[in-house]
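Labels run A, B, C and D following the written order; every chain starts at residue 1.
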Amino acid sequence: MPEKQSKLEQKITKAELNLSVVMQSQQKSKQNNLNLKNPLITASGTCGNGQELANFYDINQLGAFTTKGITVKAQSGNQTPRIAETSAGIINSIGLENPGVENFILEVLPETKEYTLPILANISGYSEQDFEVLAEKLEGREELAGIEVNLSCPNIKGGGMIFGTEPEKVYQITKKVREIYSGYIIVKLTPNITDITTTALAAEAAGADAVAMINTLSAMKIDIEAQKPLLANTFGGLSGPAVRPIAVKMVYQTFKKIDIPILGLGGVKNGSDVIEFMLAGATAVGIGTINMTDPAAGPRIIKEVEEYMLKHQIKDLSSIIGAAH
Amino acid sequence: MFKIIANREVGPGIFQLVLNYDQLPQKPEPGQFFNIKVSQSGSDDPLLRRPFSIFDFDAAEKKVEFIYRVVGKGTKILSELEAETELDLLGPLGSPFSLNKNKGNVHLIGGGMGIAPLYYLSKELKSSNQKVYLGAANKAELEFFEEKFKGLGVELHLAAMEEKLEIKGSALVLWLNYLEKNTPDYVYTCGPEKMLVAVERECLKNNIGGELSIEKRMGCGIGVCLSCSCETKAEDQKNKRACVEGPVFGLGEVVLSA
Amino acid sequence: MPEKQSKLEQKITKAELNLSVVMQSQQKSKQNNLNLKNPLITASGTCGNGQELANFYDINQLGAFTTKGITVKAQSGNQTPRIAETSAGIINSIGLENPGVENFILEVLPETKEYTLPILANISGYSEQDFEVLAEKLEGREELAGIEVNLSCPNIKGGGMIFGTEPEKVYQITKKVREIYSGYIIVKLTPNITDITTTALAAEAAGADAVAMINTLSAMKIDIEAQKPLLANTFGGLSGPAVRPIAVKMVYQTFKKIDIPILGLGGVKNGSDVIEFMLAGATAVGIGTINMTDPAAGPRIIKEVEEYMLKHQIKDLSSIIGAAH
Amino acid sequence: MFKIIANREVGPGIFQLVLNYDQLPQKPEPGQFFNIKVSQSGSDDPLLRRPFSIFDFDAAEKKVEFIYRVVGKGTKILSELEAETELDLLGPLGSPFSLNKNKGNVHLIGGGMGIAPLYYLSKELKSSNQKVYLGAANKAELEFFEEKFKGLGVELHLAAMEEKLEIKGSALVLWLNYLEKNTPDYVYTCGPEKMLVAVERECLKNNIGGELSIEKRMGCGIGVCLSCSCETKAEDQKNKRACVEGPVFGLGEVVLSA
């Protein structure tokens, strides 16, 4: 009885929970940090530019929003079918359909002005120079809290992912972007690599503020009736719950090797998955495919995280980062 | 929340799914669809929802109906669900057929499961000047639809590929046979993309306006993923999303692949 | 009507179906080929040594049987839990529990004498020399049709997978084994690599008769209640339907680059999955995790393959190898 | 093929699953288990089967029963299945409790869901010289079991952690309280591994023979995957598989982890 009593007295209530996390910046000034009211960040390409989700909830409840990947020029994307369902996963080969950075600035950014949460622009390039151009165009844009440099898109030829599999390239591109762009820089890494810690270290060394892992895994599905690849683009990127164990492992493995924060993502569906990524070492956690299958997932996941915190009497969510090590 | 009232086979491998709903964000219109989660609560497979056009809707009884064919994993699972089971649906989604124009002589041409959205459309069109051309593999596949459309009192023409009804052939051929003597002012069509291409070609040639509904593989059904992009013939060549700007498009609006 | 009739006349019946496939050998003599009555091969470690499955069906119905991985010395394996369930997959860290090659020869091989199907011994090593020892011990064993050289086990420290991620090591080990062992040699590759075609090419160049892909993907799961890794061994290997799209892609990608046959595996559950792997370029197809969840899967899968052949009027199953290219 | 006859909550989050079977490869014995597929036909998730001990068996009525607690994804899905649903089970699997020795004064000690296999055991032991010690979190969790065991006419002792029954505490403490005045000749136990360790220690110390049933995470349940290996205390140190040589082991046979 006395134990119970005292436990009750100490009990943390929902109002006391602190879900905020700080994504530290490598740039020494504190004002460069990315402060999130909770660790949830939308994964690029799975939430449009936010308007569509507004039918389901107020996205300002999230930690941050990442826009659909943009390139220097407008892209119409790959042929359809662009999506295939697999066991507990999907393969997509959207091919970076986007209006190009100019239109992004003219049309998309103004729409995000209503949002009170930090906005990250996801940028992709077909050449190293593309990244420089994109960084230049976005430098100084006040609508943005930072950029996510996608060095891992498996859906574009002669670029994208290939950059992300070579630590030297990751270093070079990140360094160039860092020289140009003064906001928060997240470098998004590919899991299609023997050792993701090599590219994570390269990004860190070049001045990235954080790394995001993982982008999709190279994959394919064959239409056995037609006896040909199901996706018009043959290959695509695998995401969804199927890949989560791979992503968690990469975050876990990288956590001890780098000092900058990790944005962990891949297959998050429930609050428990957010906790898993954080225990592995993620400071923030991305939600991607789940938005497609369950557009109202964001607030539900936050609620589930809160329930876990109450159950385990965790006051500060950030205290569990890397706690499984 | 939706609850299954009935889920019964109404043709070979073709099921009628009748659902009760608590509330809907808006009244569903013909041509719109719902995106149905078919997996058990907590299961991650199948992951994606399955899109189905609204076959019928009844606001008074809070009922929405679908007709679906069992083709793969998701529809197989759906077909095994019992009455009373609760289902998770998103919708109504997408842009509907347009109803309010003065359309004169209207033709509805449906092939296979493409017939499904035409029933609610036909019902809502309320025009007496409606001719409906339906085709499927065989008589058994059409029987349920025949009875339903007859109930609407519209002029109905049926064709089957495997046996002779009005003709032995497709809905397309059936319709083309009538086209000369009976030119429509407006056409609505849904079915295999090959058929849509042919109907579109014929209408554009003869300056007949109309709308088609297409089936595209969808990731989200709500416009966030760009899985369902359709190339357009518009000048700016901007893609349109089958799940938001579609699945109903004007004839000639998007590039079809035959 | 006339078309229908003539189609009926030509119709291939079940009795005419030919499911056999030939895994060609690089050693020029025809007698070194591995002839399989159908493409199904049990995946090492998921079928014990065959006796347990006998309760469910006669395993002689399969194409070939692969034994649980063996090492030079007996191994008691990793601590438990050794298995974690993930979305449409499992992570295992068995750690090569096995009686050692001596006992394998004394105890396990005699038991396989009753089998009429080809038996493959799966071998693993902690050093390059281990593989030589194993090849020597198994050379000339008549019970065996060949060996599968596991250069991809993610569950043993300081060896296993690490060999499989370096083309030079794959080349060296394969070459050594080739010099010693005269039977059929399959080199089993790891998917935990940036480009699996590099190791496939290395295996081919060193004289491997075939390559098997994929072994498991490095992965982990965290027990969020205990806040520590669920597996006693922290990391394990992901298998099951979740990984199939990755495996199929690797087979597809490798098919055009090498001339030796591919044993494709990863997440096969149904006949349609066997067809998918073969269309991608696999000559034979492994069944692993499915045996654990559905021990009677073997004959069911064969039946489903036959149904597909009848539907598509394919007389010789081998005609579809690589047909999706 | 198995069909659900009943699947009802008999305690907080605790369900009784009653199945009808066509045929079984052999008569299930106490301590054996079945491996139940909980996913929908065609779904790949959850992938693994779930092992449950036989709670009761009735050859005449072709019924097999389980008691399970909802703890995660699989048991949640199981708890939502309706009567008439067909289920895919493998079993009976594993090595049972031994029944045929002349065991004299027998104690059964069960904690939590570890009680489940003890009921069928108690029934089959048929000895009047049986004392049963059961513990759980609270009274509500024990009520169903209490009634069932009372039906067998055995001497029954109950404890709960959260409220006072015979004592306020675990089955272990309850049993230890009796141990001195009432030393058994043989012990059967199932429950949390911590409890098993303590019972084993006490018995080995006092030279009491017995058996325990353990729960190990299983990949296959049929002996092919070595997920469930248990270290043994035998000289050759050969591992034993909980799914084939177990889940019932002699006291002192395998290394427990507390």
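Please note the rule applied: a residue touches a chain if its C-beta (ideal position, glycine included) is under 8 Å from a C-beta of that chain, and two chains touch if they have at least 3 such contacts.
As the structure is a computational prediction, the values presented were derived from the model and not from experiment.
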item	value
Reference interface C-D: repeating pair among A-B, A-D or B-C with over half of contacts shared	A-B
Distance from subunit D to subunit A - Cα centre to Cα centre, in angstrom	45
Between subunit C and subunit A, distance of the C-alpha-averaged centres to the nearest whole Å	35
Centre-to-centre distance between subunit D and subunit B (centres being mean Cα positions), rounded to whole Å	53
Subunit C: positions in contact with at least two other chains	84, 87-89, 240-242
Subunit D: positions in contact with at least two other chains	44-46
Chain contact graph, described as a line, ring, star, complete graph or other shape	complete
Of all residues in subunit D, those that touch subunit B in their complex	39-46, 73, 76-77, 80, 82, 84-85
Touch list for subunit A against partner subunit C, complex	84, 86-89, 91, 165, 192-194, 217-222, 224, 227-229, 234-235, 238, 240-246, 248-249, 252, 267, 272, 275-276, 279-280, 308, 320, 323-324
Subunit D residues touching subunit A - in the complex, by the definition given at the top	44-45
Touching residues on subunit D, where the partner in the complex is subunit C	25, 37, 44-49, 90, 216-220, 222-231, 237, 239, 244
Residues on subunit C engaged by subunit B in the complex (per definition of touch)	87-88, 241
